[in-house]
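Given below, in the form of structure tokens, are the structures.
Below are two complexes that have chain A in common, paired first with chain B and then with chain C.
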Partner chain A sequence: MANLTWKAAAAKPAAAPAPAPAPNSDSGPVKRNRRRLPREWWVGYLLVAPFFLLFVAFTAYPMIYALELSFSNWHGAGALRWVGWSNYTYLLTNHDFWSSLGNSGVMWLLIVPAQTLGAIAAASVLTRSRLKFKKTLRTVVILPYVTPLAAMAQAFILIFDTDFGAVNAVLKFLGGPQVGWLTTTTWSKPSIALFIMWKTSGFALIIMLAAVQGIPPEVYEASALDGAGPIRTFFSVTVPLMRRSIGFFVVVSTLGISQMFLEPFMITKGGPYNSSTTSGEYLYGHIASSDLGTGAANSFLLVLLVFLLSLGAVRVLRSKED
Partner chain B sequence: MTTDTHVLAGTHAGTTRRPTPFQRLGRFGGYAAMLLAALVFLYPLLWMVGSSFKPGASILNDPLGFNPFHATLRNWTGMFDNIPVLRALANTAIVVVFKGGLLLVLSPLAGYGFAKFDFPFKEALFGLVLLTLMLPTLVLIIPLLLEMSQLNWVNSYQALILPGAVDAFSVFWMRQTISQIPDELLDAARIDGCGPLRAFRSVIVPVLRPSLAALAVLSLFNIYNDLVWPIVAINDQSHETLAVLLAGLTSDVSGGQSGVSSADLWGQLMAACTFATVPTVLLFVFLQRHFIRGLLAGSSR
Partner chain C sequence: MDSGRAALGTTSSSGMSRRSLLRAIGTAGVGTAAAGFLGACAPGTSSTPTALASASPSSVSGSATLWFNDDDLLKVFRTVVPSFTAKYPKASVKLVGVAIDTKLAPALISGAGVPDGSFLSDGSVLGQAAHLTDLTSQMAPYRADTVQYKLDTNTVDGKLVGIPWDTDPGLLYYREDVLSAAKVDPASLTSYDALLDAARQIKAANPKAQPIPLEQDPNLATQWLMMLVNQQQGTGLVDADGKLTIDTDAYRKALTWIKAVADEGLGARSKFAGSAQIAQADGGTVSLVPWAIWYNFLIQSSFKKSVGHWRVSQLPAWTTGGARSGVMGGSSFVIPAKSANPEVAWRFYEHAVYSPEGYRAVFGSNAVYPSGLNTALPSVKSALNGTSLFKPLAGLGSTSLWEVGTKASLAIPAGYRIPSWFDQAATTYLGANLQKLMDGKMSVDDVIKKSVSDIQTNLVDRS
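== the complex of A and B ==
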């Protein structure tokens, strides 16, 4: 044992008791590598400890607290009052809760399919074409992704303003109608979806560019030899070979949309008439009105939904891989 | 022409030595599409910057035009008088430095512990971390807010810095990267008499440098732009970050501040937004290599 100790470890008298046997020392081929490493279990603990302290204090403990809260009636003062499942039944029978989920669903439909297909198409065209300025275009498209959401949402509000906005000015110039982009129930969701697509398409493009560049060119040769046209090639070569990246992007954006809160909060405050109250924005409403028990229950319902969605996505991806 | 490029040219109807008129048309269309896309993605940014230099009235009356001869700094001077952007920027800088510092030190250390050491319940602890990878941030907001008020930390730098400082994804990423470093290197360091921390500094960190740079750049942007938690945790001006300050500004003409006309309000708002956005754009242009590497590290999990 002494031969295997780190110098610093050996110098410390504190390393008193024999290290407890690791419960998972049978982890296959890794085992052989680890045996050559020091066995001072407490060094590992010390390295992980600072992170874990923060993790327990600001993630694990709040999680458990939130669970308790979701079964309580509490408005920010006084003692918690245990109310059983009533926060959950209240939400599950509440029209507003379901309509917030519906709004998020519509957002998903407006954003994810278009953005995914658009990014794949743009990535494959950019990779295979010989046009110049490809890198410049990539930089330009990612730029919105790194800008502060608060600032860009403010600019977006002014650009889409009904009376003084640039978009309606263009429409007026073209002889089109003046649209209440952010003030009508018809347009509030598409407008916010447009903002989100503007802001996040760069991320989609980066993911898809990396995926397209990972496809070996020989595959395209074979496809061309078989006489497949560009559209056929796109759907039966490019898309299937990018399955993993597409799956990753769809899962990430679905998670993002299921908790989308800042965009409607900044741009429309969820209105008009709750038409843009997404599930995240609805949850924030509970916080704003200090109805914290209901809010906690709402967040766990969202976690459940997110969990089921990811599980479903993993299923779909797995089944296609066979 | 080498055979290599020849093969490539054959796979798509792209350019050969002398483009046919049809191919020229295609290339022209390609550039036109690229230009259009660039305009769409840049326009809101350009409009914002442009409006910050326009006289208030013409932002409202002529949203599309920009006359450089009428450009003015009035919005900017008014903005610095009315909106505490400098203090907010200082607050943001404090949070970026401390939160980013914690992340950059603690997550590689934890990743090192998880990757290269054995200790009881390691897999269970790491499993717990992985579990929170999927956890929506929104779940934590309510209990964290209550925790902050119990600790008397509402409206404090601690509230902005500590929660979420070291996230599960960074630890996961660092562990993945460190476990690819061969144990032989560490063994050699040990034979040379290095302790575990010394080995970390002289063996792990040099190999980890590209990932650390990507992590640093990614978290720089994340922390600078972060809004979900700060907007809940902070409600006084003295601790507001830039993002919180901007989110609270109103462009509502009817609810404008006294003494500032609605037109001036818009101009000052756009000046403040430009003030917050320009640093991210400049930083991105210089750091984009690291940023993109960071994004892709996320996608390969």
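== the complex of A and C ==
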């Protein structure tokens, strides 16, 4: 129908100097369109109905219910008891809540900058250099990402065991100290961060490889003609041209870290002394003890935090583009 | 971490608009929030346990689905089914392997896919009490034949909501070769002071020895502490009214003893069944283990060099003539209030737990455990007072696990209750403080004071 409308409008441009009517103006052809709507109005609704039904069932209703739950005291049985802002004030004044956020923040600092820079550098090397076995190397780096988390966690625990782990065995051989990688407050977070980098660097590399391969070779040729060395080219050409991919990766990583649960749960169970309890693990504690009202409030606070962090990241990226 | 990435896995890396970002965040947000409302379906309507009407045995008919964890115990209980169907020909049961810890609570809360009966750890029973059938009248004929503490762990507001299955008494496992080398007489280990002296003597003979394990997993360490405390005062964390029983002499005594073990270098810091602990125990570093009966699982499955050198006795007593055991673990059976066929479920559990035919099939020699199930004991007194259900363990030399274990099961003091928030207390609060005590970073008084304050504020007041 749209084509017919445009044809009708285009048939008399010379005779009518007035601009051709837009499809949504009150012109004749469009009026004819609207007259046909009553016969077909339900088709559109029918087409979008599955989405709306699923959205209401699995997103809207649960969200509204969880919102109600966050203002209630409910332990899984009986009627909800309205408690106003009590769950939120409890969390916002609770040391453990802030401590879990702090732990997640430290994890972010340990993981995201290092992993992002490392992935960019690795992607550049694997794309641009004349390395042999490039495909093999790519596979090796990506392998941990597709390996089951539970298996990797178990291997990691064995490798970093204080008494029998391979890492401490090497340190001992070299005359170094025996470190409680998973059992001391100093090392528990860095150890988990290392595990996550090991597990997810393949994903980071996929993103960065795609971005590096998208940079036209002419840009590098021009850069070389201008006398830029490899390091200058990396920071002045590669990194700026990968900005969007970097932004995407940082946002996705931030989302992932804010919800991180399985890794610390499997490796340190949040210990020692809750030093590696992340915000996701703290939230799980409420749910596991059936304190569902506090759990719902905790969820919304996390959603709000993630929303603000992501919005901030996008704004930073946009300002640089402008 | 992966879930957030998976949610965004199909998003293009280039040209990410704010709208697409917000959409993605919305998706992730829902995922986060979804974890917080398992009860997104209609909340359970029952707030008190529902009583089960009694039926005559001849009229028991129909089919029941019963949940077990998907492990060897499921296979063991399947061996009971033939004798059950012979007794109740019109009834049938389907035993299903399910991840009960994660799936039972959502099923009970939502009312969808509820089984007719389920295996459940004692620590979870009271938290689900409102969704369970009141079995007080059904259990009345069996109360006198059941170990009292198991009845206590399954009772809420005077109503019995679980059918006690096993007892997991605390015992003392020790290395006879290590004790002999250090000239320690095992018969002298009748008090915790004597146990401490024995540990000192062993360390004097071998400076590298750390005879007593100090558990590094906060939850398990708290369960261990509960064993030491229950042995003295009956209660663990709370009394029958739900009031905290932490600031007591029993806690002070147990924590002071643990601190002495830690401060004097007599404790080995490792996790149960971890490679470190296995090496410590198998290699002789650890030689005195006050632990639940199921420690023998390691002797049977993980130890090599030390097999045959282990022995078992009752726990030492805290006071002269005091109890020689405490509780550390255990499970029961529950029947959901929304069960479609509670009568069949009850009859199966009654048969499996209380009939000699049933408990002999479970604990005796069977296809799954040729020597019998010896990592737990029945909670039925007549079974505990009867002849041994399982064969002697080669790894324990000449000592009789059955004889020692049953005596311990019958000695566990009454009054133990496990609050619904036990796991959170055991990992985040008391458990974390106990770990600090073991690492020499907290005093006994501080552990008690801080644990009482944290648990009261964050768990008791909010339950």
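Basically, the second predicted complex is superposed on the first by the 262 of 322 C-alpha atoms of A that agree within 3 Å, B and C clash if a C-alpha of one lies under 4 Å from a C-alpha of the other, contacts with A are read in each partner's own complex, and residues count from 1 in each chain.
The rule is short, and it goes like this: contacts are C-beta pairs under 8 Å (C-beta built on N, C-alpha and C of every residue); 3 or more make two chains touch, one makes a residue touch a chain.
Every value quoted in this text rests on a predicted model; they were computed, and no experiment measured them.
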item	value
Contacts of A:G285 with chain B and chain C, given as first, second, both or neither	second
Touched partner set for A:T277, first chain B, second chain C, both or neither	second
Which superposed partner A:L131 touches (first chain B, second chain C, both, neither)	first
When both partners are placed on the shared chain, which of chain B and chain C touches more of chain A	B
Partner chain in contact with A:G78 - chain B first, chain C second, else both or neither	second
Which of chain B and chain C A:P177 touches, first, second, both or neither	neither
Touched partner set for A:G229, first chain B, second chain C, both or neither	neither
Partner chain in contact with A:L149 - chain B first, chain C second, else both or neither	both
Touching partner for A:G214 - first (chain B), second (chain C), both, neither	second
Residues of chain A at both interfaces, chain B in one complex, chain C in the other	58-59, 61-63, 65-66, 69, 76, 149, 158, 164, 203, 207, 210, 245, 248-249, 255, 258-259, 262, 283-284, 286-287, 292, 295-296, 299-300, 302-303, 306-307, 310
Residues of chain A that touch chain C when the two form their complex	58-59, 61-63, 65-66, 69-70, 73-80, 90, 94, 96, 149, 158, 161-164, 183, 196, 199-200, 203, 207, 210-211, 214, 244-245, 247-249, 251-253, 255-260, 262-263, 269-274, 277, 283-292, 294-296, 298-300, 302-303, 306-307, 310-311, 314, 318
Residues on chain A engaged by chain B in the complex (per definition of touch)	6-9, 20-25, 27, 33-34, 36-48, 50-52, 54-55, 57-63, 65-66, 69, 76, 122, 125, 128-131, 133-134, 136-137, 139-144, 146-159, 164-166, 169-170, 173, 198, 201-203, 206-207, 210, 217, 220-221, 224, 230, 245, 248-249, 255, 258-259, 261-262, 266, 280, 283-284, 286-287, 292, 295-296, 299-300, 302-303, 306-307, 310
Sites on chain C touched by chain A in the complex	1-5, 7-8, 11, 13-16, 18, 21, 24-26, 28-40, 43-44, 46-47, 105, 108-109, 127-128, 130-131, 216-219, 269-270, 274-276, 279-280, 420-421, 423-424, 427-428, 432, 435-436, 439, 458-459, 462-463
Chain A-touching residues of chain B, taken from the complex the two chains share	7-8, 10-12, 14-15, 27, 30-31, 34, 37-38, 40-42, 44-45, 47-48, 51, 59-64, 102, 106-107, 109-110, 112-114, 116-123, 125, 128-129, 132, 134-147, 162-166, 168, 171, 183, 186-187, 190, 193-198, 221, 224-225, 227-228, 232, 242-244, 246-247, 249, 251, 266, 269-270, 272-274, 276-277, 280-281, 283-285, 288, 291-292, 295-296, 299
